[in-house]
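Here come two complexes built around subunit A, the first alongside subunit B, the second alongside subunit C.
On to the complex of A and B.
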């Protein structure tokens, strides 16, 4: 039994993380379909012991890996093997927590159930966007649970989604190498950026897949097979190319920096001009997700957490160094 | 009651002067020497003893005054420390506020820096493209060339049309001439045929 558990931990990959709306808990989903809830406030407090770095509760959420999670102000939504399940944050710490509801978007064939790689909340419409293996973006209304739109356009599966707040547009990046912008009101594709066609950033030996996307209204960062590049959306021009050889799997804007993580141990901090400001090593050999806890209700738990190809979640209290690691 | 006050008295006396050297001993000696002086007989000895007693008394008074002064000093030190403590608390609160202010300023500065970097990034891209005036001039020149060439094309086409029309006229007149010549031949043939038929006819 112990050997089995040790083997499980050795081969664990944490795909997704999400912070609770109160800011004090962190949920992490792994490739076995389990979700673990860690208490950030306990782990960050001055009397933290070894047990506070272990999860408060772990439960089997899905049959397949949990690829993506988002939080509304009361629910945790997790998705992986073709279904979206919702859990109440208030109940999640109790043993034997059951999901509130589960939904499956309408797929073309009922034979194969494609995985859901990315979830995105659109607060203005109170809806959830799912995207994954069937190359479409499905919109689901959170009040009624019905699937309202299906956006077509990608020719291969979709890796990541990002929301552009000012004009309610969604960006999606996928295996076909294109970043597509969709207008939610007209349900049409407004812009397509084929990253691999631009010579400055394409790296044919890595492929053309887009692994990560982040947007800041007028600007967008995307990376993966092609190099990590900063794009100006209105003119669709690549402005800065970040000199990072390893493909990046997660990128996000933070204050005046861009944080990225991917193959390789480190969390990289870039300035918009393309300079590498810092590279902070973590404890996993490769990182798949970053999460910044900026919930206003818990300013003392304002940390950056990084997780990837191991059973550990690194916690950075100050962007300069790794404070400690939580572990499954 | 008496036992309690006795305990108190003993504790106080031990606290003040436990080891028996110093003021307590002096007061005991004074009392003893007073009793001795009362019992002494001769005048000079009594006088010298009296002097000695007065000096011990003055020593006791001196040490009492010293202790009173020290007590005063302690009280004032305490007040002073209280004042300093309050000042330090005020300055700590002030420092906290300044820290919060500075944090806000840092956020603002980071935003400004981000905007500047975005501007720089766009500016770099724009720099790579050629100047707008030059491009406009090139466009104008190209436009003029285009106009010029289209003029030439028009004139050439006009010439071609004219020549085509003239050829057409020429060819049509040739055709007409041909037609008339053919018609003329046919007419003369018909006339010949009529003449031969007229020659053969009048016989019968």
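On to the complex of A and C.
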């Protein structure tokens, strides 16, 4: 029915995006549990028509929303309502939509199935870290599929994860307002930064939750309820506070810039010094995820894609302006 | 010489005076010789040749004598005178002879002439006779030819052929022996026979005539009898009407209807037939009637001469009036428009009765020149309805049937050919006239069997029964559901305006027992107002807010929080759900642009409406949505995280049972109500 479909599209939220290993395709997951695959190369080519901006294939992946996705070199892993599922990229591109496997970490509570908000690949160990509603980080070995570790320490559910390659350490940010660092080898919490306790960055009216994390070995940038702040990890001190009023939901380092997006239409580009370099408006009223396609195999598809509270994925070929939008 | 001739004559007379002249003539020959000269007789005797000779001799003698005299005279002498005298006497004698000869000649001439004359006369007489005879001959010839050519009338009569004649005629007429030989007799006989036959036939004819007269008289008598019978039958029929009604067999009424149906134009006829059939077969609550003036309908089909006369009369009148009044171009155009939009005088009226005794009255009209059908609708209820202010448009005749099928708004004419007709008379769209003429919905055309393929003008009126029949059932069902849903909304609106959300007992399980937020206001707003609201832009852009929809504004309050909800009600309610857009005023203005949870609330009400439909026929959808909205506002306000910097207790203490307050990257509140456990969770 047309009205129903129109209403669905109006109320769609795209939670997660991920680029294929070859770099030519983009997967986007929404709140209805669907995953759509867009062909970036077709949409970016010179003969792009309106149909190129529509998904190549859309399939129902989960019963609940698809909160996060990661890709290995052959698989697409998606997680949402308590389960992580794996799909073969090759099959998806041929429009075959059967999941390869699905796994559910061992949860403590049985009343409500907690969601999985973040997935993180640890390539050295060939494992996957899941974190979400049950306040724990679970590690799953990708080869065997068993859950090896469960790290607990957060008092409220976990929003985001980041990997510090050198150590290797995992950073997690959660609803309780703390960023915790975990050492994977010892499976222990190494460091805790309670962002909201620092006066300069806390914003009580927004809450204390940490919505996004990004790390660059010694440095970490986090945002959410408190202001977007750049931290020096060893000293646990906030070095730069970015003057952004709206809570940010996604942040990432890019070259010498920090890109952030959150409530509000724009993708913000910050200098490391704290200055706002540019604010590029997108088409969604609020953004939830940014994805930079830096796959070496497809240099022509090197774009930034942003998605959030709408059925559209904005494509920025050049960080200065929005080129076009893909839509569900 | 004349005196001599007279002398000569005198003696004739003197000599014959003793006797009558004729008598004298008779005896003249003999007596004349004796008594007088009869010169005529002498002429007969003498020979003209000898007289001629004598004449010549005398002339010679005379010449000679004259010459002698001459000689003598010239010679002179004494004896000459005597000789001359002698010769003179001789010449006198010769002269006498000459005279006589002259006389004789004259007499001969006369005689000859007389003779010729006589002969001529005779000849003339013969000639005359001859001519007379010839004339007579000719005359007779002519007469003969006339007689020969004469055709008697008997030859013009077609007599029966000879063989037949001999076969049929009785022997005393045919008289074969006589007639065979004699053609004259034969013909006579045949004529006789003819006469016989004719007499006989004349007899027969007279008999037949008299028969005919008799029969005509009988017919008259019988006709009178029959005509006296008719009023009696009518009275019997009248008397049987109460019996018919008592037995629920309204044959009379049906019969009259079929009579009038004959005068319906083809599409209305198809509609009438199909709806009566459907009513009899499937749906006893359907009743069909024909309204309008049958005489006018008959008048439309008057023979051309009459209408031409009328036209010429009216033309003459028009000319006069135009000369007097000169109507403006606008008036003429207006008349042309009226003519184009003319309706057929007959219309079909359909009454659909619903379960709760409310009736939908539909009147179908046919626009003759435009070849489309239109419908006017009216809803009457069993009990008097007090219309709440916001429900004004729900049952209004203009909009109650709008969009029965998606997109069928009935403001444009479905016949593409009409556009050309409109251009001629300056009508822009039919929209301006629908209030008067009725709405030309597509389903109406289909019920009348009129099929308009897109982009192709239709010229002939093909009223198709199969098209009508296939749409009949669906359309009737849709009409009924439409009326019932509108009436249900009507009642609900009455309650909503008083701030009470009427949730029926079988939908109570969808909501928690305690709902604190209250509906404070419910009003209808105009389409333009809706599009100008700042939080409805998405709906307008998505094309869900057309001008066929109805718009309302609801206000839900709890404490200091005010939630405005703009509602789009599609005419196809309740199969098409109403769409809500929210704007919360509490600690700032929050809409779906800046607050994810408001988006989630809208999603709960708009997208997850199927759970709220309630039991069929899902008239409870709107009220359930409103109730859910109140519940959502409760949850929102109670689960709002407490701001530590602000002093004082939370305005809304948490009373709802929630497992988790936030979930997911967008930190959604638990809006889903779980029955019967009674706690809130996330989707």
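As a working rule, the second predicted complex is superposed on the first by the 325 of 328 C-alpha atoms of A that agree within 3 Å, B and C clash if a C-alpha of one lies under 4 Å from a C-alpha of the other, contacts with A are read in each partner's own complex, and residues count from 1 in each chain.
Here is the rule we use: contacts are C-beta pairs under 8 Å (C-beta built on N, C-alpha and C of every residue); 3 or more make two chains touch, one makes a residue touch a chain.
These numbers were taken from a predicted model, which means no experiment stands behind them.
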Partners on subunit A (subunit B, subunit C) - clash or fit: fit
First, second, both or neither for A:111, with subunit B first and subunit C second: second
Superposed model, angle subtended at subunit A by subunit C and subunit B (C-alpha, nearest 10 degrees): 110
First, second, both or neither for A:38, with subunit B first and subunit C second: neither
Chain touching more of subunit A, residue-wise (subunit B, subunit C): C
Partner chain in contact with A:309 - subunit B first, subunit C second, else both or neither: second
First, second, both or neither for A:207, with subunit B first and subunit C second: second
Partner chain in contact with A:3 - subunit B first, subunit C second, else both or neither: second
Which superposed partner A:328 touches (first subunit B, second subunit C, both, neither): neither
Contacts of A:64 with subunit B and subunit C, given as first, second, both or neither: second
Gap in Å between nearest CA atoms once subunit C and subunit B share a frame through chain A: 27
Subunit B and subunit C contact sites that coincide on subunit A, given as residue numbers: none
For the subunit A and subunit C complex, residues of the former touching the latter: 1-4, 6-11, 13, 15, 64-65, 67, 111-112, 115, 117, 133, 157, 159-160, 175, 204-205, 207, 209, 211, 249, 263-264, 285-286, 288, 309
Of all residues in subunit C, those that touch subunit A in their complex: 406, 538-539, 542-544, 570, 576-577, 579, 592-594, 596, 599, 602-603, 606-607, 641, 643-646, 659-660, 662-667, 681-683
Subunit A contact footprint on subunit B (complex, rising order): 107, 110-111, 113-114, 117-118, 120-122, 124-125
Subunit B-facing residues of subunit A, complex: 218-219, 230, 232, 235, 237, 239-240, 255-256, 271-273
